[in-house]
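Two complexes come next, and they have one chain in common, chain A, joined by chain B in the first and chain C in the second.
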Partner chain A sequence: MKEVILDCLGEACPVPLVKAQNKLKELEVGDVLIVQIDHSCAMKNLPEWARKDGYNVEVEEVDDGEWEVIIEKNK
Partner chain B sequence: MAREKKVEYYDVIIIGGGPAGLSASIYAGRARLNTLLIEKALIGGLATYTNEISNYPGFPDDPKGEKITNLMKEQAKKLGVNFKLTAVSSVELEGEEKIVETFRNKYIAKTVIIATGGRPRTTGAENEEQYLFDKGISFCATCDAAANTDKHVVVIGSGDAAIEEGMFLTKFARKVTVSVMHDEGIMDCNEIARQAALANPKMEFVWNSVAKRFEGDGHLETVVLKNVKTGVEIPVNCDNCFEFIGYLPNSELFEGVINMTPQRYIPVTEKKETNIEGVFAIGDVTDKWLKQVATAVGDGAIAGTAAERYIAEKEIFDTCIMQKEKQGLIYVYNAIDVPSREFLTHIEAIENENKGRLIVNRIDTYKSNGIALKLGVEKIPAIVITKEGKIVGKLYDLDKDQVINAL
Partner chain C sequence: MEKKETKFFDQLKNNAYYIKWLKNPFTYVTAAVLLSLFQTITLAVTKEPWGVSGVFAYWGAWVFEAFGGSVDKWYYFASSGAQAVLNDGFINHAGTWRNLGIIIGALTATLLASGFKIKKIKSKKQIIAASLGGLLMGYGARLAFGCNIGALYSGIASLSLSGWVFAIGMFFGAIVGSKLLVKFFM
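Moving on, here comes the complex of A and B:
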């Protein structure tokens, strides 16, 4: 049950999404992936993709225009 | 083992953070209601998918949708609105306590405002699912335009969104091919956009066509269009495809709970009420004629105010009007109606004669008829008699003796 932080600050679509997809594959069930983003476009495709794939997703707004997308690999 | 969900209480929960939800939160926040807004992704909703908003009053410089919604968010935050960025997993809306659950929390509120909006409709063409989002099919030119610099993109649709966003794409892409269902020259968009698009040298049109199939090894390479008249397939090699063919309501969460139209939109009253008491719906998820940022904001203002009124009336109703200690008399009248106003002196006399054992409430329906509706009176004026917090009689004649006999 580890927590992995993926730094995608400064990166535009679709880089954060692709990086997160690859990283999540490496993780085990129960692990949590935290993707740090600051491009609002990634706030649209990243949570939507993760939820569509059936993972639990929550987003924290760390600062104005800076978010952490928390994805739990629950399956 | 799943951990116990954290429970939080609010006056108002708004589901959805687009312009409608943000506007409702501003009104609720300003009415000093404890307000929570839940958004599953980016605050701003579908407005953030638009690169230029030219018709929202007060912004003459054609800002990006996100700029407008970020200002709304800032305003809501200033008014004390709480934001939570997560998806709602289930709702229980019947009864006094409305329950909204996310995967980690349980929120309980007096009122719920549904502002879940809509999402882009997809074509339903073959293999579409395989190429969504990062694999070649996009719905957001604002998000993905820069990634298409010097590329060839296909746009499907000919409405305002398709043509305006398509023209925005020509600033980046080498070529934009637009698939239009109609005969040559006919588009669903406004006339200004149509003429500009036809004159744009980077734009090409495939008339009488719809998407038939998507092809490519991993990433989209070819959109196969089909001529709707001849049935002939037209393969178009491209780097990415943008679909702008309308929207579907995000109402799945309320299926079987809230009344809906056959197209799954939520019908609402003038006050944005749904069929469930204390539950309101606003914006693109409702059955309405014009879906714009400007109309969504109007909806939000109404629902935010209606929610405040609902809570206030409910509190007065429960604690004062339906009090249990003594016998109650509720006089429901309209202050602009002379006979019912004149009868107030008789009500006062009855109150004085029964001092200590009768509690009298006067409800003026001129401003709001919410309490009258709750009491279930058939017409106004009316006199409602209660005993131990329950209605025991309703009188519709302004006759003092009749009232005294009923007590």
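Moving on, here comes the complex of A and C:
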């Protein structure tokens, strides 16, 4: 059970999504991936993809225009 | 007084209607319906289909003329229609106001959702890719006499075959673009 932070601040779509997909593949079941984003469209497509794939997802607004998408690799 | 204001905005932040209308993005379907509605209004009011990038060519011409240049002999601006637009000036150009509206509207929307942020530039690669991409898109849009709005969206909306041809070209272009993106930005 580890927590991995993926810094995608300053990256435009679809870079955060592809980076998160690649990173999640490396992780073990039970790990948590925290993707830091500041591109509002990633706030839509990241959780959408992760939920569709059946992972637990939470989005947290950490600052104006800055979010953390927390994905739990639960399977 | 100050205390009261903070309280008001704290309340607003949790207001269901604020969250629904201003904070959360609209669904794709809502946005699509609104776009269709407003592009119809644009066509009806200005007698021209919606376009975005063509306006920037006029902006460039006006800036060039402001510095004493002349585009009278340029093939792109040679038509009498283009000359009339240039002579009327940007104050009378519907497309100019529409584009300004898009920019101001987008800014307003992010500000109302408290999502405004000046992003840092992460690498030199981003500068190169953005400049190169912008130049290629602008140049390509002028060669094609339209961008994904004027040539694709308005083309298809006007039942024009050219819009579908543009769509096919854009589809394959997007595949190449995605491959390049994954290769250079991952």
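Rule of thumb we're sticking to: the second predicted complex is superposed on the first by the 75 of 75 C-alpha atoms of A that agree within 3 Å, B and C clash if a C-alpha of one lies under 4 Å from a C-alpha of the other, contacts with A are read in each partner's own complex, and residues count from 1 in each chain.
The rule is short, and it goes like this: a contact is a pair of C-beta atoms (placed from the backbone, for glycine too) under 8 Å apart; a residue touches a chain by one contact, two chains touch by 3 or more.
The shown structure was predicted, so the numbers you read here are calculated from the model rather than taken from an experiment.
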Joint occupancy of chain A by chain B and chain C, clash or fit: clash
Partner chain in contact with A:14 - chain B first, chain C second, else both or neither: both
Partner chain(s) touched by A:58 [first = chain B, second = chain C, both, neither]: first
Touching partner for A:66 - first (chain B), second (chain C), both, neither: second
Touching partner for A:44 - first (chain B), second (chain C), both, neither: both
First, second, both or neither for A:4, with chain B first and chain C second: neither
First, second, both or neither for A:27, with chain B first and chain C second: neither
Clash with chain C, by chain B stretch, listed 153-161, 369-377 or 387-395: 153-161
Shared contact residues on chain A - chain B and chain C: 14, 18, 40, 43-44
Chain C-facing residues of chain A, complex: 9-11, 14-15, 18-19, 22, 38-40, 43-44, 63-66
Chain B residues within the chain A interface of the complex: 40-42, 44, 48-49, 66, 83, 85-87, 102-104, 133-134, 140, 142-144, 146-147
Chain A contact footprint on chain C (complex, rising order): 25, 110, 114-117, 119-122, 126, 178, 181-182, 185-186
Contact set on chain A toward chain B in their complex: 12-14, 17-18, 40-41, 43-45, 47-49, 51, 56-61, 67
